[in-house]
Structures are given as C-alpha cells and as structure tokens.
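In what comes next, chain A is part of two complexes: it sits with chain B in the first one and with chain C in the second one.
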Partner chain A sequence: MTLLKRLIDWFDVRIGAREVVARELTGYLLPRNINTWYSMGSILLFIFAMQMVTGILLLIYYVPDADKAFKSVTFIMNEVPFGWLIRLCHAVGSNLMVLVLLFHMLSVLFMNSYKSPRELNWLTGFILFTMIQGISLTGYLLPWSQLSFWATTVATNSVGAIPAIGPYLVEFLRGGKLVGPPTLGRFFALHVVLIPTGIGALIGAHLFFLQRTGVSTPPFGQKETANQWKGDGYRYESHPEGIPFFPVYALEDIRSIFIYLACFLGVVFFFPNLLFTKEAFLPANPLQTPLHIKPEWYFLANYQTLKIFPSEFLGLAVQGIAMTFLALLPFIDRDPERHPLKRPLFMVCALGGLLLWIGLGVWGHYS
Partner chain B sequence: MHLPGKVFALLSPLFLALLAPLPATAAESPEIVCIQCHSAMPGRLGEPVKLWKGSIHAENGIACNACHGGDPKNAANAMSPARGFLGAPKETAIPAFCGRCHVGVMRDYLASAHGKALGKGGPTCVTCHSNHHVVKASLDLINEKNCSRCHGFERARLIRDAMQETEGMIVAIDTRIAAYKEEGTDTEGMQKGLFAVRNRFHTLFHNVDAAMVKKESAGIQGDLRKIQNQLTALDASRQKRKLAGAGGISAMLLLALFAHLLRKTYD
Partner chain C sequence: MDNSGRRTFLGVCLGGLAAAVTAAATWPVYRYLAPRSTATTAARVEIPEKDVPEGEAKFFDFGGASAVLVRKPGGGLIALSAVCTHMGCIVQWEKDTQDFLCPCHGGHYTADGGVISGPPPKSLAKLPFIVANGIITIG
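Up next, the complex of A and B:
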C-alpha cells in the first residue's frame, strides 16, 4: 500500500491526479434513480475496444487479396493458435455491438433522454449507429466467401436505384462494374481505417456532449417529469444528491459488462454458427450464385422493405425518410413531457415502429 | 432551434448511402437452349429433361451438352455436328461415351465380365445407371430387381454384403466431414483422403470376384479408420472448447455477482 500511495503521490504532485479523480470519478454524481439501461453505453465502449483488439490480432494473419483472403481466414480458423476464438469473438462481437447499440438507442428513446438540450448527443449517437452498420457491411466482404461476395453484390446493387448518381456510386463503391478484387481493397480500407477513425471521433464527440450536458435524470419515480430546460442559456444538469460514478455506478457498469460477456461467450462457445450459413465457408465464386442469400439480421427489415415496394427507388426513399426522421427526432419532437406513460401517442408510435421493424425482419428472414 | 431544411437535405443521401439495403432476389443463371426447347416437347423428346433434373449430373451442373456436345447457347446450331453435337450413342459405343469423363470406371467395367459381354447381350452403363436419371453410384444399384433382369442374384448378393460395411463407413465419414465443413473447419485434407479411398472402393463396384472384393474392402476400411481418427480428434477438441466456454461463462457470472454484491455494500 505504501508503494501504491507513493506512486499516487508522485503523480498527484505533478498532474493533480487526486483532483481529477475527485472531479471526474468520485465527485461525478449521477441521478439516484439511475437504472441498468444507462450501462449500455459502457458496454458499447467495452465492445468497441474488444473489436479493435480482435481486429488488430486478425490483421496479423489476414491477407486483403482476393486470391488469398479466404485461405487466410481458413488458416486463422484452423491453424493459428486460438485464431478461431479471435475470429469468432470479432464476428459475434460485431453482431452484439449492433444489438446493444439498439438497446441503448431504445432506452434513450423510451426515457425521452434525447430531448433538448441533448439533440447533439442523439445525433452523434444516430450517426454512430449508421457507421456501425457501415463497418459491419464492409467487414462482411473481407472473408471473401460466397456469402460475403454475393451479399456485397446485392447490397452495392441497391445503391444503383438512387436517381442520377446511383450507377456511378455503385461503380465507385465496387471499384469497377462488378464486385471484385478492387472492391475488397476499398472495403478493407474503409473497415480498418476510415470507419473506425470516424467511429472513434464520434465516440469522443458523443462523450464530450454527455460531459457538457450532464447525465439525464430518468423520468421514472419523479413527481416532475417535464423537461425543465428552456433554452435560455447553457446549463449543466447536476445531481447534488446523487450517487458517485466511482465506485458505485462503475460497479454496476462492471456487473453489466460481465453479464454481457457471459452471454457473448455463450454464443462464441456454444452457438458459434448462429450467425453463419454454409455459404460463409465456401470461397467466393463469381460464376455461381447461391440460391438464397440473405443479409445480416439487422438489415433484414431494409431487405424486406425493398421487396414490398413496386420499385427499388421507392423502397430506398421510404427507408431514407424513416431514417432521417429518426435522426432528427429531437428537433421534431418538442413536447417537454419525458415520462413515456404520460405520452400515449408517442408510445403507440414508438412501439408500433419497433414492432414493424421486427415484423419486417422476421418476414424478410422467412421470405 | 429547429433544424434547417439544408441539413435535412444533406443528411438524407448520407443515410441512404450508409444503410445500403439489399434488393429482393439474387440473379439466376439462364437455362441453356437444349432445356428451353426439349422441356416443352412431348413424349420421348421432352422426357430426358424431366429425368435429368433429378439426376446427379444436374446436381453437379453437368448439362446436356457435356455429354451430347453441340452449342447450348445457340438454338439454331445447338444440334450441329460442326459444333460438336454427338447425339445419342449406339449401344456398343455407350461405355466410351460415358468413359470420356469416367475414365477409371470405364476401364474397370471393360475388364469385368459385364464389359467383356459388351455387344453380346451384356449390360452397358445405362442398363444399371440409367441414361438421363443418373443417380449417385451406390450399393443400392446392386439389387435383386436390377441384377435378376439378366442373371441370378446370389453372387451379386455376396459381393454387395462384402461392400456394405465399407459403404456405410464412407457415408458416415462423408456426413461428419460435411458437418465440420459447414462450420468452417478446414476439411480439405480429409476430403481428399476420402475421395481417394472412395475411388478405390468404387473400382470394386464393377468387379465380380467376391474373394477379391472382400480382401480389398478390408484394406479400404483400414484407410477409412485413419480418417475416422482425425474426426474423433476434432470431436475431442470441440468438446474441450465447450468445457472451456462453460468455465469462462461461469467465471463471468461469478464476477458479475461479485460486482453486484460489492455495489450493494455502498447502499
């Protein structure tokens, strides 16, 4: 203990470490009625860090060349010590990252925490959501399997439905008329450099906005549930009677992360092929189209939406409008009330939208 | 405080591009002209298409032109001898016709009693394997109904019984390899090994010497056991992974419980 204390003292006299801890950890107070849903952000930070670590480890053996990519992934899965574990952690982690992100967004939505002055928190979070989808889509191609090749072919095809620029955009994304080696190079660069850098920057912005606005108080168990901020000046939402982030809420975060890890390991060790079809283990063959290529579960609703509209452009436009509406929700929804049970119309719309998304996904899966 | 329309307009295409949803169906490869014409024809001209669709050839993408030649992309010249169209072979030419691909099988057949009787009332390939509804070669082809069309079934039964166990082993190993392949295990070595052993085994299919079939089958089973051992090692490795996984999950749940109890001490 003496050594530890001396080490802390050493830092304290140089950078004022105790002051930082008192202000940002032990003195950082959170609302008393905070709930487990607030841990989703911490779980997401943990998942993102894990995706970075497993991704870097995969880079040691992965070869981003159309002739070698599939073999290098097979080598990782079968020959590299614990390569199978690292690859499965990366693949399962990417899916669970989307799932936890959806939980995080839904909790913010239903607790109405997106309302002013937190428009920027929501907007950065929403852009993060689209970037996570983007990083998943680009990562899907990298194993260069039948599944990745044809899923990318149909995914990039749909961009062609955008009027005027569509065909050029398809060619730009693919690096040619068809999915091929240049597409792999582009998607690889996007997946390992461009999108992760963007995600890192947006996470920084998201946390900065959280730091500046303060943590929102959950609307449950409160007498006054209307939004008190009038837009007349900057205000930090403090919680003088709250609980300290460290060690109290940090322990709740850690508990949630361990529960997540138990679920995650359950999939990795007991249901490793839950997210793979047999086409995922066949090398890409541009001359042989598999019968039924389906997108990842989180794109199934988009996939089905395109099928039910008479034209692909209409399907894309409807999705674009829906996504833009969601992105701009804090600017559209100006009602100060935050308790979901006091907002029946909002609840009906939100639950209806969620059920529609799930229904379209299930329909897409079985169609 | 409302967002200006410009930002809305700028963001919409961004979301459209980033979401990149997927279209309804994947493209299907077009049918060759042989199938387009013959499938619409009545009687014996249309029948081969129906039969072929249920065959091992269709399953493996071996279409009409692979055997009969011709140009499958040009309706006008599809049956032109200048484009390599061969039509249907005469009875004595059938082994050579099939043997263009099944070289080893043709050699085994010609060396057998069946092959030696070619043109003298003996069976050709299509007698047992059918001409268009060609099914995967298996011991099921050696049956009383088939064999007794020409001779008694007694000796054929002896041969089939000697091969039955080996066939069962091959089928079981094949199924296990396929299951591992479908979950990403590198089965190439085992597949090649099984392919070689299966080919050796299939050379016995046209042999009518029961003693030799028994002797060869024993050797083949030895090689199959080597592949079985590799699969058993894979089973054991997967079992170990599950045990490690169960340990990891238990550790995580215990740590979660510990964090929860520690948190309670601060209430």
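Up next, the complex of A and C:
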C-alpha cells in the first residue's frame, strides 16, 4: 500500500493527479435519479475498443485482394488458432454496436435529452450513427463471399437513383462499372483507416460536448420537468447533491458492460451462425447471382422502403428527408417540456416511427 | 450492510470478474498471434535429379527455412541450409566461381558450405539426403 501511495504521490507532485481525480472522477457528480440507460455510452466505448482490437488482430491474416480475401478469411476461421473467435467477435460486435447505439439514441430521444443546449451532442451522435452504418457496410464486403459481394452490389446500386450524378457516383464508389477488385481496395481503405479515424474524432467531440454541457437530468421522478436553459449564456448543468461518478456510477457502468458481454458471448458461442446465411460460406462469383440476397438487419427497413416506392429516387428521397429530420430534431422540436408522458403527440410520433421502422424491417426480411 | 460495504463488495466482484475475463481472453489472443508450428509440415522435400545439373544450385523451402542443393563438378551432391550463419540472410550461388556469397555482409562459403572469408562464424549447416530412382529426398 505504501508503494502504491508513493507512486501516486510521485505522479501527484508532477501533474496534480489527485486534483484531476477529484474533479473528473470522485468529484464528478451525476443526477441522483440517473438510470441504467445512461450506461449505453460506456458500453459503446467498450464495443468500439473491442472492434479496434479484434480488427487489428484480423488484419494480421486478412489479405485485401479479390483473389485471396475469401481464402484468407477461411484460413482465419479454420486454421489460425482461435481465429474463429476473433472473427466472430468482430462480426457479432459490429451488429451489437449498431443495436446498442440504437438503444442509446432511443433513450436520449425518449428522455428528451437532445434538447438545447445539447444540439451538438445529438448531432455528433447522429453523424456517429451514420458512420457506424458506413463502417458496417464497408466491412461487409471484405470477406468477399457471395453474400458480401451481392449485398454490396445491391447497396451501392441504390445510389444510382440520385438524379444526374447517380450513375457516376455508383461507378466512383465501386471504382468501376461493377463491384470488383477495385471496390475491395476502396472499401478496405474506408473500413480500416478513414471511417475509424472519423469515428474516433467524433467520439472525442461527443465526449467534449458532454463534458462542457454536463450530464442531463432524467425527467423521471422530478417535479419540474421543463427545460430550464433559456439560451442566455453558457451554463454547465451541475448536480451538487448528486452521486459521484467514481466509484458509484463507474461500478454501474462496469456492471452494464458485463451484462452486455454475457449477451455478446452468448451469441458468439451459442448462435455463431445467427448472422450468416449459406451464401456467406461461398466465395464471390460475379457471374452467379444468388436468390433473395438481403442486407444486414439494420438496413432491412431502408431496403424495403426502396422496394415499396414506385421509383427508387422517391424511396431514397423519403429516407433522406427522414434522416435529415432526425438529425435536425433538436433544432425543430423547441418545446421545453422533457417528460415523455407529458408529450403525448411526441410519444405517438416517436413510437409510431419506431414501430414503422421495425415493421418495414420485418417486412423486408420476409419479402 | 451499509452502502459503502455493498459497493466495495460489488467492486471486488466486478474486479475479479474483469481479471478472469482478461485472463480468459489472453490465451486465445496469444495463440492467435503465436507463430504457426512448422513441425507438422512435411520435413521431407523431393527434387528430381535432373533439376540439379552439374555446377548448378537449386534453392527450395525446407521446414519453413531456405535450403539449397548443389551438384558439384564431377557429379557430387550436397544439401545445405541457405541461411547465412552470420546474420540470417539467404546466400546466393555464384556459378562462375562455384561458391556461395552472402550479399548482406560479403560472407563467402565454398560449395560444401565451408567459410572462405567474411564475417560468418561457422559453415552452412548440412542437410541429410538420399538419392533413389532419380529422386533426391532431403530430410
């Protein structure tokens, strides 16, 4: 103990470590009525770190060459010790990252935490959501299986519906008229360098905004649930009577991470093929289109929307409008009330939108 | 039990769980990164005699490392490791002088693998081989 104390003292006299701990950990107070949904951000940080680690490990054996990519993934799965575990952790982790991100965004939505002055928190979070979708889409092609090849063909093809520049955009995205070796090179660079760097930078911005505005108070169990910020000047939302982040809420965060890990490993060990169809085990064949190629579950609603509209452009436009509306929600919704039960119209719209998204996804899956 | 006692208990449990998870994850990651064993790969290499004409050398992979087969003038065969004993570079066969040169630091070896000059501390390792029915089997 003396050694530990001496070590802490050594750092303290140099960088004021105790002051940092007092300010950012033990003295960082959170609202007393904080709930488990506030742990979603910590779980997401954990998942992102896991994805980085497993992704780096996969890079050791993966070969981003159209002739070798599928073989290298098969080699990882069948020959490299625990390669199956690393690859499944990466594949399952990417899906659960989207799921937990959706939970995080829905909790912010229903607790109305996106309202001013937290517009930037919402906006960076929303951009992060689209980037996570982008990193999932680009990663999907890398195994160069029939599933990844044709799912990418369908996904990139939809961009062609944009008037005038659409066909050129598709070609630019693919690096050629069709999905082929140049597409693999482009998607590999996007998946491994460009998008992760962007995600890292945006996570930094997101946490910076959180640090500057302070943690929002949940509207539940409060007498006054209206937004108190008037926009007259900068204010940090402090919680003088709150609970310390460390050790109280940090333990809750760790507990939530372990619950997530239990679910995650449950899928990895007991349902490893949950995310793979038989096309995922066949090498890409540009001359043989498999039947009923479907995108990942989180793109099924988009896929079905494109199908139900008579023109692909209309389908894209509707999705573009919906996404823009959601991205700009804090700027559109100016009602100061934050309790969801005191906002029946908002609840109907939010729940209706969520059910519509789930319904379109289920329809897309069975169509 | 008061709140701080419960919190300490939870902290110890979660810390223990984290240590167990880390320990459980370390072994797969180590095995994933560890070099693949070459012991299971075929330790024997077969080369047709006609592939090694007189005065020529044939390089091949042997148990994950480079090796070379030389037919000296007069017909004598010799199988050697092609890894220089100085810094581990691969030696090159010099047909004109009928010897080996390591391009990294200028080490010279005879066709039998003995050191002629330069920094190599010892001769190239000799590999066992047999010749039967026109096939040279090394290893």
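Worth pointing out:
In this text, the second predicted complex is superposed on the first by the 367 of 367 C-alpha atoms of A that agree within 3 Å, B and C clash if a C-alpha of one lies under 4 Å from a C-alpha of the other, contacts with A are read in each partner's own complex, and residues count from 1 in each chain.
Criterion: a residue touches a chain if its C-beta (ideal position, glycine included) is under 8 Å from a C-beta of that chain, and two chains touch if they have at least 3 such contacts.
These numbers come from a predicted model, not from an experiment.
In the superposition on chain A, contact of A:A327 is made with chain B only, not with chain C.
Applying the stated contact rule after C-alpha superposition, one finds that A:G231 touches chain B and leaves chain C untouched.
In the superposed model, A:V80 makes contact with chain C only, not with chain B. When the shared chain is aligned, chain B and chain C each come close enough to touch A:P247.
Contact with both chain B and chain C is seen for A:F258 once the two complexes are overlaid on the shared chain. The wider contact with chain A, measured as residues touched, comes from B rather than the other of chain B and chain C. In the superposition on chain A, A:Q211 makes contact with neither chain B nor chain C.
In the superposition on chain A, contact is made by A:I60 with chain C only, not with chain B. Of the two partner chains placed by the overlay, only chain B lies in contact with A:A280; chain C stays clear of it. Within chain A, the residues touching chain B in one complex and chain C in the other are 247-248, 251, 254-255, 258, 261. The touching residues of chain A, counted against chain B in their complex, run 74-75, 77-79, 84, 116, 130-131, 133-134, 137, 150-151, 153-159, 162, 169, 231, 243, 247-248, 251-252, 254-256, 258-259, 261-262, 265-266, 268-270, 272-273, 276, 278, 280-281, 289-293, 295, 299, 302-303, 305-307, 312, 315-316, 319-321, 323-324, 327-328, 331. Chain C makes touch with chain A in their complex at residues 7, 10-11, 14, 17-18, 21, 28-29, 31-34, 36. By the touch rule above, chain B contacts chain A in their complex via residues 1-3, 8, 11-24, 26-29, 181-186, 241-242, 244-246, 248-249, 252-253, 255-256, 259-260, 262-263, 266. On the chain A side of its complex with chain C, the touching residues are 57, 60, 80-83, 85-86, 247-248, 251, 254-255, 258, 261.
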